[in-house]
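Order of writing sets the chain letters: A, B, C, D, E and F. Residues in each chain are counted from 1.
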Amino acid sequence: MPIITLEGPKITDLEKRRGLVRELTDAAVKAYGLSQEKIIVILHENSREQVGVAGELLIDRD
Amino acid sequence: MPIITLEGPKITDLEKRRGLVRELTDAAVKAYGLSQEKIIVILHENSREQVGVAGELLIDRD
Amino acid sequence: MPIITLEGPKITDLEKRRGLVRELTDAAVKAYGLSQEKIIVILHENSREQVGVAGELLIDRD
Amino acid sequence: MPIITLEGPKITDLEKRRGLVRELTDAAVKAYGLSQEKIIVILHENSREQVGVAGELLIDRD
Amino acid sequence: MPIITLEGPKITDLEKRRGLVRELTDAAVKAYGLSQEKIIVILHENSREQVGVAGELLIDRD
Amino acid sequence: MPIITLEGPKITDLEKRRGLVRELTDAAVKAYGLSQEKIIVILHENSREQVGVAGELLIDRD
């Protein structure tokens, strides 16, 4: 079961997505002592109009 | 209030979506003894580039 | 993969918990055409001090 | 850290989005006594085909 | 429907919890133009052993 | 901002928790090219009465 959900910006580089899923999974395997097959990763991608920090949308911050 | 959030692949068949919402709601009604009006279902749809199992993205698995 | 997360009050009756997990799973199996083994259910239990409806905590509503 | 995630319909008016993020953030600042910089808001937008109330998809309700 | 989920530390002062729920709800009412009755708030409380920032658990940071 | 939420069983060994938070954070730093300070990890811990796989609660499976 363990499920890792990541809320972040979109990652367009497919190799980076692959590496991220692999490393998040490895971290969970080590901590829980479970087989890789049990670990699920979900990447939720959010635009800069969907995220606010310090009371401001990201589109208004940088 | 109870809120059922489902993370899964996209369901394109509208009748299947309707059936899914109805059955998830019925299951919650029975377990909580609350009226149907209180139950909310949210279907989060994820592409095969957004989900990893066993350290691999779904696009790389089948 | 599909993952069903339920935010609701605590269910103390173990048979009701079992029934709920079984029926939520069955609903997902039917909608996705996946085997039961792929479906995960997580029951998040919230006290009446943790939930608000219409601007009021549940402890202040009934 | 505190993280406020909102599941709702899409808000197309950018000024309303800005106001929402600001007010959610202010509410958290007051309750936690933390600086604005610590508060993150995520707006998850759901279509009317993705949400069910009382066992029906929103597209079938009004 | 809109659902506001807050991940934060525990708020022990009940008046602060009430104010937080009221203000989060008011912010959503204004942004969506929906009645108060439609807005749900869930406060998920996390201990300092459950949260990490910058790679460290909060118990190790201050 | 990126936020990593992990739904899993409780990890009682504090060193394992520390390692998990560090490695999840490192994976996100590498994928997003952001500083460590921006990455938040939340560990949601679920008992075996709160999780179902294949239609059965974990307490009924092993």
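In this section, a residue touches a chain if its C-beta (ideal position, glycine included) is under 8 Å from a C-beta of that chain, and two chains touch if they have at least 3 such contacts.
What you see is a predicted model; the values in this text were computed from it and never measured.
One copy, chain A, sits rotated relative to the other, chain D; on C-alpha atoms the angle is 120 degrees to the nearest 5.
Interface comparison, B-E versus A-F: the higher number of contacting C-beta pairs is recorded for A-F.
Look at the contact of chain E with chain F and you find different residues on each copy: under half of the numbers used there are shared. Residue contact pairs shared with C-E exceed half only for one pair among B-E, A-B or A-F, and that pair is A-B. Work out the mean CA point of chain B and of chain C, and you get 11 Å between them.
Separating the CA-averaged centres of chain C and chain F is a span of 20 Å. Distance from the chain A centre to the chain C centre is 24 Å, each centre being the mean of its Cα atoms. Chain contacts: chain D has residues 1, 3, 5, 7, 17, 24, 26, 40, 42, 44, 51, 53 touching two or more partner chains. Touching pairs of chains, sorted by label, consist of A-B, A-C, A-D, A-F, B-C, B-D, B-E, C-E, C-F, D-E, D-F, E-F.
Put simply, chain A touches chain D in their complex at residues 7, 44, 46, 49-57, 60. For chain D in complex with chain F, the residues that touch the partner chain are 1, 3, 40, 42.
The residues of chain E lying in touch with chain D in their complex are 1-9, 11, 16-17, 19-20, 23-24, 26-28, 30-32, 51, 53, 58. Those residues of chain F that touch chain E in the shared complex are 5, 14, 17-18, 21-22, 24-26, 36-37, 39-45.
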